[in-house]
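Two complexes follow with subunit A in common, the first pairing it with subunit B and the second with subunit C.
The block that comes next holds the complex of A and B.
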């Protein structure tokens, strides 16, 4: 009897998590894949099976390719820059610094702010003519720049916001990892004659690898997932210059109401993210030393 | 490789924001090729002194002279020292080979020489089979050897050790003591070794620097320290169980234990009336059938070959190490005696030894 009871308890305890996971993650994912092989139902026209038609449309869709290219650039820039900045800032505030408590808080502040609010703040920075950046620029004689309206600058401008938002968050992880390195290692290295750079390269950086892996997986996911600021700042424009994959999925589904096409795009995004995450773990496994 | 002498002159260290001095104007010399132990309770400044010698802390005032160079404010790498840390400070992501070779690689020693020196050190310490392992895969004793290997491969004339054996179990600690001492003598290193364990200090040191409250209590050889402690602090710190200290009173020019009236000895006339205490080691007191001071047995601790017997004389309780075959019982009256050479007299106020009765 007690054996059977325990079995029931086990499932009861698991069920809240299981139900949430299946209802809001696994089931929608499977339905999305399923829907991507059907046409979009319109009016009294039922959805019908179209095989790979949605995917073929995608291959011929110039906007899709532009958005994908944008997103790859976005990832290629924001991931390394935000991680690099985070590490540099962590090394700085880890030192014996006056008022470092304040500096740590200042760096972390962007993380607590919702991205929508952040985007609004940056709108004021970017406003042509009287925005903060142009005002400072005008002091040095630079002319007005339409940061978000220029197709060549829009993507770069939204990248800066993402980096600003993420670097502080990643810094906290690096800071925690740095503080778990025993100070005696630094002293032992100093006695052996290792300079600051050698100590960083041979001891600190390798010991931070687990953190770097964790942070980079997060950064990759965020680079495809965080699009809130696009809504506020550019709505993907001008001419899709700052549109990202997830934003395009949103537009397809809820602006053009082409849900089947949006489902197909989602599947592509899922596959892309899975490959990246799995690849990172395999690539990093040999280089990461866990204590 | 031969050792260099280390001379410490009026060394003081106070940390930022505190009045208290961790190291308070100490001076001593660690002779070249000798094993010097800094001994004291925790917080006495012994580790701070070692860190000052290593250059991991900057002295507030005073001088550190290694060889004949004044290196008081030089960075650690210029001090010709190697160091073993209490926590070993091994690099967890590097294997034994890389850990030991770390310093040689930093200094860009040619690869062939690195390999040669590594083999010699690994052989000496019995690490040859473990070179590819990481610190996490080693036992405490093996990690200790790696830390030692990293220190001696540098072939520096001075080796500093900060409680290197405190993380080992009792048996291993005993073995490593003998090994460390042999290694130091074989290599001719000047060793400065910090410990709070008096047994470790006595068994390994050529000279012991006893510290207390940031100051030096006594600098002496282990034997001198045991036979002629210069203060009550040193007397109680060296030896297990510690030396008995009993307050004395004057009676007609003679000394008696406070609260008792049996004459211990004639008091030195020039100290008449001074507040004195006597010191006697438990192992220096014997029970005698027909002479000595009467005492009452209060408790007995059985140790096998010996018993530790607590005997009361007046206000004082004296621990006496008696052979087991001398059967004693609680409440029994005993006569205790000792040689005059084992009798120590201290000033109760300052705790300092009263030298005039050294040869009483």
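The block that comes next holds the complex of A and C.
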């Protein structure tokens, strides 16, 4: 096809997707940054330029710092634990195991459920006194615990739910990677007399690095993106002890209707995600060995 | 050699089963609660009478039929939109060269990081400006041009041999004909994989639909469930659990029936 005509075709085919992509991803991202330098329009008062006022408010906002700290803890715990469990699950399900089909289904099933439904089920476990966890606890003589109502326990209780939901999802990607490792490597290692652990540490684990990178980027994004369970389980409480950044953005925008402040918070979230994702690529670049 | 008891194997099996049971316990427990009368919700008794009454009560307590219809319309709308738009875009990126192609592709990939899920504030005001608040279109539109879908299809299209395209061209097929007759049929497994991932993702989506909908006629099941499930409404746990299972039921049953395809499609979506 001659040049000019090919351009036109290329652009025409691309344009419907690009228009929607710009309308709902790039345009709002740019406008969010723009809006964060303006005040929230209220009633007849239009938005006016306020410079860094929203950011200064944020720095002085204790709730913001608490929510940010919560979210960083949430990421720091749920990401490594769910990835570690996912790897263990994948190794088990990939190996010789009695009842492999059932086990694989059990690991993966939570992934299929809506997070909001998962939260409902877990709410019931956490109910003080007669929830499943307290009932099992009482068999061992533990007293009643208000898992979601205690500021020290609420965030941890929410993390458990996230790990339960995510680990099986990440397992799938490890499983795919494990199945693509040629069996000849195992045979060669066996001939060389390498033990199981050495084989895993020196051969399997390095070969899984691209998968680990892929999974961990996903895990980082999810730890800032998924807040559905917070709505059902704690609504961020008690006293913001289990609130996460996106949940706080939701509250600022749609509960207090302070959209300018919510825009500033969104900018922080976007910066955070970019730093983490870019950081992971640079960090991983030196360690990942592509086949 | 195998006379000796294999500790390693034993411990691994034990660990795998322990975790498996732990992972499955919440679901089993939810099924137990939903299929027994309320007074057995917190008390195990193997002889407790089975009942489907909780499901009936839940179904009658809220307009779930309508919620299901909304969700089905929503996922269908998104799936068709994604298939059409992402196919065209991926084809353009694979087989045409035009100025700005690399930058545009980078902008598409940017969506993997900057997702519409996060940009709720601005997308809400866009929807309001378009007069689309409280419509199913508003829930679906931000997700239709999916960066992930374009990327996935482009990877698949790149593996299509040039010779097949040449052959179709000799037979007189134009660019759209080639796409339809050569590329799309060869990418069927990718469409299946992406379709399953997309449907389960949007069936389960909650935050954005919660924000843009405010009536029974548009709410998907996840939002309906969250309104129904607020405990302070005084509905007992067995009924809430029944409603919970009901809303996740179709996906869960589909998953149990097509477990292999499900797992493989997620795997395929991840490898590419």
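In the analysis below, the second predicted complex is superposed on the first by the 286 of 291 C-alpha atoms of A that agree within 3 Å, B and C clash if a C-alpha of one lies under 4 Å from a C-alpha of the other, contacts with A are read in each partner's own complex, and residues count from 1 in each chain.
In this text, a residue touches a chain if its C-beta (ideal position, glycine included) is under 8 Å from a C-beta of that chain, and two chains touch if they have at least 3 such contacts.
A quick note: this is a predicted structure, and the numbers were derived from the prediction, not measured.
Enquirer: Based on the superposed arrangement around subunit A, label subunit B with subunit C as either clash or fit.
Expert: fit
Enquirer: Who does A:175 touch here: subunit B (first), subunit C (second), both, or neither?
Expert: So A:175 only meets subunit C here.
Enquirer: Please indicate which partner A:253 is in contact with in the superposed arrangement: first for subunit B, second for subunit C, both, or neither.
Expert: second
Enquirer: So which one touches more of the residues on subunit A, subunit B or subunit C?
Expert: Partner touching more subunit A residues in the overlay: C.
Enquirer: Tell me which partner A:206 touches in the superposition: subunit B (first), subunit C (second), both or neither.
Expert: After superposing on A, A:206 lies in contact with subunit B but is clear of subunit C.
Enquirer: In the superposed arrangement, which partner chain does A:198 touch: subunit B (first), subunit C (second), both, or neither?
Expert: first
Enquirer: First (subunit B), second (subunit C), both or neither: which does A:165 touch?
Expert: neither
Enquirer: Tell me the contact category for A:188 with respect to subunit B and subunit C: first, second, both or neither.
Expert: The first partner, subunit B, only.
Enquirer: Just the number, please: smallest Cα separation between subunit B and subunit C in the overlaid arrangement, in Å.
Expert: 5
Enquirer: Name, in rising order, each residue of subunit C that touches subunit A in their complex.
Expert: Result: residues 8-9, 12-13, 15-17, 19-21, 23-24, 26-27, 29-30, 33, 41-42, 84-86, 88-89, 91-93, 96-99, 101, 104, 107-108, 110-111, 113-126, 141-142, 144-145, 147, 150, 175, 200, 203-204, 206-207, 210-211, 221-222, 225-226, 229, 231, 237, 240-241, 244-245, 247-248, 251-252, 255-256, 259, 262-263, 266-268, 270-271 of subunit C touch subunit A.
Enquirer: Show which residues of subunit B lie in contact with subunit A when the two form their complex.
Expert: 54-56, 75-77, 81-83, 85, 87, 89, 91-93, 102-103, 106-107, 134, 136, 150, 154
Enquirer: Report the residues of subunit A in contact with subunit C in the complex, numbered from low to high.
Expert: 1, 6-7, 9-11, 13-14, 16-21, 23-29, 31-32, 35, 85, 88-89, 92-93, 95-99, 101-110, 112-118, 120-125, 130-132, 135, 164, 167-169, 172-173, 175-177, 180, 196, 211, 214, 221, 224-225, 227-228, 231-232, 246, 249-250, 253-254, 259, 262-263, 266, 269-270, 273-274, 277
Enquirer: Which subunit A residues qualify as touching subunit B in the complex?
Expert: 182, 184-185, 187-194, 198, 202-203, 206-207, 209, 289, 291
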